[in-house]
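Quick heads-up: structures coming right below.
Look at the two complexes coming up: chain A is in both, with chain B in one and chain C in the other.
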Partner chain A sequence: MAEVKAELVGNLWKIVVEVGQAVQEDDTLMILESMKMEIPITSPVSGTVKEITVKEGDVVQEGQTVAIVE
Partner chain B sequence: MPDDSAAPGLDELTAGLAQRRERARAMGGEDRIEHQHAKHKLTARERLDLLFDEGTFVEFGLLAHQHSMTGGQTEPDRTPADGVITGEGLVDGRRVYCAAYDFTVMAGSMGMVGEQKVARLRKRALLNRLPMVWLLDSAGARIQEAAGSTFAGSGALFYEQVQMSGVVPQVAAMLGPCAAGTAYIPGLADFVPMVKETSSMALGGARLVKAATGEETTDHDMGGSQVHCYVSGVGDLEVEDDAACIRAVRDFLSFLPSNNRERAPRRDTTDAGDRRLDDIAKLVPASPRAAYDMRKVVRRLADDGDVFEVKPTFARNIITALVRFDGDSAGVVASQPMFKGGALDIDAADKAARFVWLCDAFNIPLVFLQDVPGFIVGTEVERQGIIRHGAKMLYAVSEATVPKVTVVLRKAYGAGYYVMCGRGYEPDTLVAWPTAEISVMGPEGAVDIIFPKQIAAAEDPAAARAQYIGMVRQTIDPYIAASWAMVDDIIDPADTRRVIIEALAGARTKQQRRAWRKHGVPPV
Partner chain C sequence: MVKQRNFDVHHVQRTDSTQDEVRAAASRRAGDGWCCVAEEQTAGRGRLGRRWVAPPGTSLLASVLLRLPADRLEGVPFAGGLATLDALERTAGVHARLKWPNDVLAGGGKVAGLLAEVVSASGESPAAVALGLGVNLSVPEFPPGIAGVSLHTLAARPPSRDAVLDAWLDALGRRLAALEARGLAALLPDWRQAAAGLGAPVTVTTPSATISGLALDVAEDGALLVQTDAGVRRFLAGDVSLGGAAAWLS
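Moving on, here comes the complex of A and B:
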């Protein structure tokens, strides 16, 4: 099980996966909007998205867990 | 005439010497060597064979061994070379000094005699202005020789490393543990590769930590490459095994001169200086909001696609890499939009400043590739001291007197533009791509600061904001900077390699003298 964490503070712009979806390592799970950039949050491991702990429009903090991949 | 017929002859004496040498070269004996191999580690002598050009190693102090500090018996056979093999040899034909700690002899612990050998080596390296390499695999200070207040006389090794800094290259290769104060050897070195799993470094080893604070940990958990090459930034490169580690040492040295008065050796190439980057448009999206992998751009630019990245897994939002342009070494500092959008934080500033200092000290020109949305802002980074870390990068880039070339690919916002060697930091050449956005900040941020009242008062605030953004965006245009001659040229991205090579050639004879000072007071 891997906790997916935001690498910097920003607005959560888009979630591109759903709970239950299979993902590969480095697949984009969601896109953060910060510092005028669309910054992909990628999966650290291959597996299944078990939980998404944020919703679009949320402000996420650096190090905050945004999803869990199993 | 005295009768000396009973005295041994020269042949006999020489045979005795050969025996002693053979015993010393056997290191800690077969069992310990086997144990070393079982841990997927090479012996110190196998490492030296990989480091030096064949047959060039000359050893000093082979016949040294431990002496009992308490008047007890010394056992020369148990401590060959006193646990550290010292000598010199050629690396790609250039002389380098090396101290290789031998874990098969008292766990490579640092004893009195061995440290005298290494001290002598450091002095020779500095006197002859030649690089020094440590192959570290050591339990640390040999406490049975060092415990007690004769400690008061120790510590000169780090003082000497500081005197060597910026004069000769220093490499500390981590091939095993490096516990306690000796961790300052890598701490002061210019390049620190670490072998995955087997190497570690920590100011206090696990046992000392337990005794001092009660914390339970292991040397690996506390100070393995997964910590130092990813989190702390003390390690420069994580490598798979000993052979890869030694290769990395040789590669690193190949980019550097032997000392600060020389230029790095040239490496001839068949890669044309005017090679066009035909696929560059595919690598870099025109949308300023989209991320891409700058490493691919650096590979396209460098001679033969050969890129030696320093700290590739630490502060990945900036790339620091040694490359060659038309055969000559150069240091590349490049934004990496793939991570944190290429925005700068404390670790990125730290990594870049240190790399710029390294290149400047050893006459290696610098190439900056800008696609930087600025420094990350907010409460978190202020608590981390982003101002002093950012100032450190400014300081290093300002101080550097080597040839400097800056290319603005897309974003060049705010202080990010400054620290990545904007106009004010005296790059010898500053060029921009047609996609460049040089500005104090992005249009969105600017509008929210300049026109908040107008937007709030508008019938349709969102539409008004969009209109203002469009208006401000029009003022962000590289041709405006070019029209004021603030950038030297706008270039076809496909010509970037040629432009960099021409710029470096043009600045090759650069001589820059600063006002005298003892030294500045750099922010850290």
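Moving on, here comes the complex of A and C:
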């Protein structure tokens, strides 16, 4: 199981996967926006999205867990 | 020691998006400074997936691949915006201003826009960023609702596309060198000098709310600080409208 963490603070613009979806390592799971820069959050492992802990429009903090992939 | 940037410019007639060209180049392990400039984009975009529309041959449409330390990422939009002001001043004698963080305004509208997209995988260092620039050079008219301005209406002698591109890349190299050496703090004094709307009423629209207040300043991390009835709010993202004017596109 891998916790996916945001590496930068930003507004969560878009979630591009769903719970239960199979993903590959480095696939984009969601996109943050900060200073009008779009920043992907990618999966650190291949697996299945078990949980998404944020919603679009949230302000995400650096180091915050945004999803779990197992 | 800060490295000297060398830009490797590739011209294409037509592409979906110069940003996508840079993304593809990044995946091929192209180096820092790889740049694509196009006559026409068929699927040009601004931020948040919005379309960037430009008739063929009327705009500077370019994107550049930047590889820089991950802890300098937040300064890229500021460096890009300031470099655009530098280039417009140098090549066209046009004194433009920046609406937070990097919409380029002149003559009552938006003359240029930038889009920064991080393209590297999480945790990769140095980070890779696709920085795109669109400058309205000789756009005859804009679609309804677009508060655009074309440089040819502002400059006594409108510059060529390549002259603006060369000046932008030159200025971008200098702005990024300052950013890499000293962080965002190196850029903020110039940014504040060039800012439109600081000290004035603004409205910030986010996915969850619309907040009005007085634009106070930018924080050291680049966030926009707005005085509201409920106190000072920090914004990392959002569409900023100045005063009572119609919303600028961003």
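One rule holds for everything that comes next: the second predicted complex is superposed on the first by the 70 of 70 C-alpha atoms of A that agree within 3 Å, B and C clash if a C-alpha of one lies under 4 Å from a C-alpha of the other, contacts with A are read in each partner's own complex, and residues count from 1 in each chain.
In the analysis below, contacts are C-beta pairs under 8 Å (C-beta built on N, C-alpha and C of every residue); 3 or more make two chains touch, one makes a residue touch a chain.
Source: prediction; values computed, not measured.
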item	value
Contact breadth on chain A, by residue count: chain C or chain B	C
First, second, both or neither for A:Asp26, with chain B first and chain C second	second
Chain B versus chain C as contact partner of A:Asn11, first or second or both or neither	second
First, second, both or neither for A:Met37, with chain B first and chain C second	both
First (chain B), second (chain C), both or neither touched by A:Val59	second
Doubly contacted residues of chain A, that is, touched by chain B and again by chain C	7-9, 34-40
Chain B - residues contacting chain A, complex	288-291, 337, 339-343, 345, 373-374, 376, 378, 380, 411, 413, 442, 444-445
Chain C residues within the chain A interface of the complex	47-48, 70, 73-74, 76-78, 101-102, 114-119, 121-123, 129, 206-208, 222-223, 236-238, 250
Touch list for chain A against partner chain B, complex	7-9, 34-40, 61-62
Touch list for chain A against partner chain C, complex	7-11, 13, 26, 33-42, 44, 56-57, 59
